[in-house]
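Think of it as A, B, C and D in the order they're written, each chain with its own count starting at 1.
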Amino acid sequence: MIVVMKPDATAEQIDHMVGHIRSLGMSPQVLRGTQRTVIAAIGDEREGLVETLEPGEGVEKVLPIMAPYKRASSELTNERTKVEAQGLVVGGVKVAVIAGPCSVENEKQIVSIAKILKDMGATGLRGGAFKPRTSPYSFQGHKEDGLKMLATARDATGLAIVTEVMAPDHVPLVAKYADVLQIGARNMQNYQLLQAVGDSGKATLLKRGMSATIDEFLLAAEYILDRGNPNVMLCERGIRTYEEHTRFTLPLATVPYLHEKSHLPVVVDPSHGTGKARLVAPMAKASVACGADGLIIEVHEDPEHAMSDGSQTITPATFAQLMKECRRVAEAVDRTM
Amino acid sequence: MIVVMKPDATAEQIDHMVGHIRSLGMSPQVLRGTQRTVIAAIGDEREGLVETLEPGEGVEKVLPIMAPYKRASSELTNERTKVEAQGLVVGGVKVAVIAGPCSVENEKQIVSIAKILKDMGATGLRGGAFKPRTSPYSFQGHKEDGLKMLATARDATGLAIVTEVMAPDHVPLVAKYADVLQIGARNMQNYQLLQAVGDSGKATLLKRGMSATIDEFLLAAEYILDRGNPNVMLCERGIRTYEEHTRFTLPLATVPYLHEKSHLPVVVDPSHGTGKARLVAPMAKASVACGADGLIIEVHEDPEHAMSDGSQTITPATFAQLMKECRRVAEAVDRTM
Amino acid sequence: MIVVMKPDATAEQIDHMVGHIRSLGMSPQVLRGTQRTVIAAIGDEREGLVETLEPGEGVEKVLPIMAPYKRASSELTNERTKVEAQGLVVGGVKVAVIAGPCSVENEKQIVSIAKILKDMGATGLRGGAFKPRTSPYSFQGHKEDGLKMLATARDATGLAIVTEVMAPDHVPLVAKYADVLQIGARNMQNYQLLQAVGDSGKATLLKRGMSATIDEFLLAAEYILDRGNPNVMLCERGIRTYEEHTRFTLPLATVPYLHEKSHLPVVVDPSHGTGKARLVAPMAKASVACGADGLIIEVHEDPEHAMSDGSQTITPATFAQLMKECRRVAEAVDRTM
Amino acid sequence: MIVVMKPDATAEQIDHMVGHIRSLGMSPQVLRGTQRTVIAAIGDEREGLVETLEPGEGVEKVLPIMAPYKRASSELTNERTKVEAQGLVVGGVKVAVIAGPCSVENEKQIVSIAKILKDMGATGLRGGAFKPRTSPYSFQGHKEDGLKMLATARDATGLAIVTEVMAPDHVPLVAKYADVLQIGARNMQNYQLLQAVGDSGKATLLKRGMSATIDEFLLAAEYILDRGNPNVMLCERGIRTYEEHTRFTLPLATVPYLHEKSHLPVVVDPSHGTGKARLVAPMAKASVACGADGLIIEVHEDPEHAMSDGSQTITPATFAQLMKECRRVAEAVDRTM
């Protein structure tokens, strides 16, 4: 950690900070510059220390040096993590494709779309049984009934089930039916939920919060990893910016950046990331081109009558075309799909 | 709702949308303009309908007309809501002041600071027992022990206890000790938690999510109100923007805007809203000047040794000065403090 | 335009707005809903009208229906614009590649790199002679001398010269040497400059302002088109968001979205769009995959000694690899490169 | 400057960076930590150096220590700058008020409103003669005729004229009529304009760019100061964020923060900062409460027929009330108005 003192910091203030750094178990080294003094604090830098150094008299700012996450870091291991669940493999040469409706609406719908998607090459089936909705007046999902319908769809197709869990005490129930637990963007910093999912040991798709930094995203993963669950996939699903022509802004540079900083596989959600059906296929291709390990895409046989997310949902016909186009891009970057 | 058709939309597409609007129980009215056709859908506009209209063939965009929230809306009532709990009144002529440390550290600390704050004019005591921390390696709070310490501080001072609850199944426990349940920014869209707090009937301080829109903020309040709990205070605590000189950007125009759109009282948190101790007092004064009904401020006797949030925490001496200055501003806008 | 009245708007207020709409040359149509009245204003909707309707008594909000731009709109023509200058063609099947150093440093440097880039497949040479620098203490470019060096590099290679013009009165000078005038992100709303470049008739690369909306971006293009200069390329170069791991956030969904809304070709700048050399190639591939008509990339033989933008500049060796990889992606989306 | 090396950086890479730092005229000091090596570069840190250090092999990141601005910095002087022009004083105990219409529409209008505003306590008159408009189809201002009308209004009232200059070659013309040159948000990084205004020596109101950081804002001021013109007022006018209920987000913490970092006076524009007439007065009060040295406010006798910015323009009656309320707040913070 680097403690930058103000230009007019006194010798007493510098001495005080030196002592404070030492009391935190770090080794201080004072650097006197032309205009101000800087104190390097050498040693283990845990989150929270910045906060205790910044209020010091004469301190201008404190700059952290180390990344705050450990287990999620690529410094931990040279091997890339591969997450596997019920035939779904995320993190290998093959780009995984998780597809399905926003909400599970009824058994017939979910089994029918699952069969179609399976034929078209999807390896996972998404579908919401517990739905986090902005408004209390919106459809909140079929809950356990929805989970059962998903299980039926798995039985019919062999597809791995990816579905959201919204509360710590739902984890055992959802884990009973699902192959992959999804943590939604709104819950990325729901720490009790992260811990419960960590304890479950289940494969987990962790969505980036809509205004999370990369450090916060990897620290959320760290909560799960820290409970002994290594099966974490990171999912970029778009961030909130001033842009209004898309529902969210999809910042694809996250994909190679996460690959550099972490050993965890990276999935992209171009459906939420754009909020517009017409932009899903181009962004899916772009995701594959920059190295995404997987895609998660909303598909519905009749988007106009979908119970949620109609605007960003594509039809099976569009999905088939997307798969065809993405496969060609995958090959161009030495992947399969 | 207004459905804007593309300039080249066909008569069939327009007819189809007219039928679709009718099937949703709304009354369509077709307006043929010079360049494109627009269909007004008259009737009750529930969240979710936009999504079912947007995928229609020939549709360019759908514009909602009504606010999606009802119980939180100022259209519901002409009377402003006043939330009261253990002597703390938020929403009246007097500006309420909730102050205290970020974390409850030990009984001696919390009782000591509570007495000081009480003497200086605070009406509520804040202090975290369950702490949502970005990193799993940071101090997570003393949990129930912390709640007990808060209760002891209340016994010693009469101050209302305001403390965060982080999970639905913690609500009964926290409600047993606290006077006001705080829902943190990271949990603003934790719907199970909102419902559990709604069911508790307890006075609630709902913090704005760090990238929440006003509609999303009021819909989160709606989740609580919809469970029959009218005791909701809205808290602006800063949003995430590209600005980096402050921890968050504190958008004070939210205060008069929320007063216009909602009957709920509005509290401002200049500590989290700036992340810098030196900026807390100026922003507290600005908050009072533009109509805040309350302030929530982090105060610690020794910020340099606080277990969390040291950077933005002020000392009792600074707090005393802040109170003096804010009182003068309050009087200038016909409030007391 | 749709004028949404408040729920308690009076008959007089509605009548007043009807008259006001008529006085603006538009035809009002009153729609009485269950909760509020809405007035549709049919006719030509020019920018500025929203502002004159919003202050009306009883008005809640005004929603525009039409896009504010005309000549840049895809509604104008079914044909996509192809911009050509000195062998550089942007907007056809072949993805154009403009490459070169951030600043022109000396004649030897620019001629040497130009030859290398030409051999590797670039069709345009970028290089700054007039440099917009955040600090007055940074290198500001070699100005006319730099332009002459660029012209020498063109003579040596045949590459089209793309260089920035920063002020209206510099346009004749820069146009004398350059093949394509670049308008930088900071100048996207420098209207005098847009008009001067429009008057020049020269091929123009217009960079998106770092916080410009798509409407503002296309309206900036409109300023140039409106002066009778149709040779405009749009360039996405990243926007400012809360993200800090990259210098800017590169929102690639802009590419297909602009293709839908406008007939102008779209170029992507992954160098400024990420600010990190290691992220340039993955984002270049992603840009090609989602349909970019061109790339503009910073390349320098010795980034560590570049006079500007070293952090995001790649070496010729990296550029060669990027070209190879991008060509494969281009083929996968039926383009050449 | 602090150069953070990667954990696996080699001794050669560290040596290379040490040499590179030395070649830049700085003195390197190597700190070996538990996990990585950090090199402190002591000496004058000019903008641009970060860029030359970051591409070094084995470098993870480079952290600047010093602020990049000098003349705008509060480190330069203990005295606060007071800008004076034609009776308008900004930076003293008295809070200055610049008011007037968005555009100068005709002589009668501007003289009439000037008299009204003068009577109500304004000390400066704003009004646009050259208007930067997002659309080429919007009213662009009366140009020199508008300047003459402003001069007539000054003759009639004694108010200082504050008006925007949009291009370097307009500076002499605008300076002939105006007392204060305004640089608009869109031109904050129009460096030729900043230099021309710097050369003019005229009092200048520099508006913050809508996505400018504080460093960029102060560096823009630095361009003017560096030309020997010390008469610079900084103006916070709102930034672009994801918030949509206001036109821009007005981040008032900028006021005390700029007062800490710079000796220049700070003006707030609550009209552009909110874009909503109803929010102007509350934000004006908040601005005064947190220490603004001046306000700039759009006032028009008939906002519904204003030629621009009607939505955010208040009437003289509202302005009179605003002045009354702000004066009380000013007194509460030991200022006059």
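The working rule: a residue touches a chain if its C-beta (ideal position, glycine included) is under 8 Å from a C-beta of that chain, and two chains touch if they have at least 3 such contacts.
Note that the structure is a prediction, hence the values are computed from the model and not measured.
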Chains in simultaneous contact with subunit C and subunit D: A, B
Identity of the chain that, by mean CA position, is farthest from subunit B: C
Chain centre separation (subunit A, subunit D; CA means) in Å: 38
Intercentroid distance (Cα basis), subunit C paired with subunit A, Å: 31
Centre-to-centre distance between subunit B and subunit A (centres being mean Cα positions), rounded to whole Å: 25
For subunit D, residues contacting two or more additional chains: 211, 240-242, 244
Subunit C - residues contacting subunit D, complex: 20, 46-48, 50-56, 68-69, 132-139, 166-170, 186-187, 189-193, 210-211, 215-216, 219, 222-223, 226, 240, 277, 303-311, 313
Residue numbers on subunit C that touch subunit B, as the complex places them: 2, 4, 7, 29, 31-36, 38, 40, 42-44, 63, 65-66, 75, 240-242, 244
Touching residues on subunit B, where the partner in the complex is subunit D: 211, 213-214, 239, 241-246, 249-253, 255-257, 260, 273-274, 276, 278-279, 282-283, 285-291, 325, 328-329, 331-333
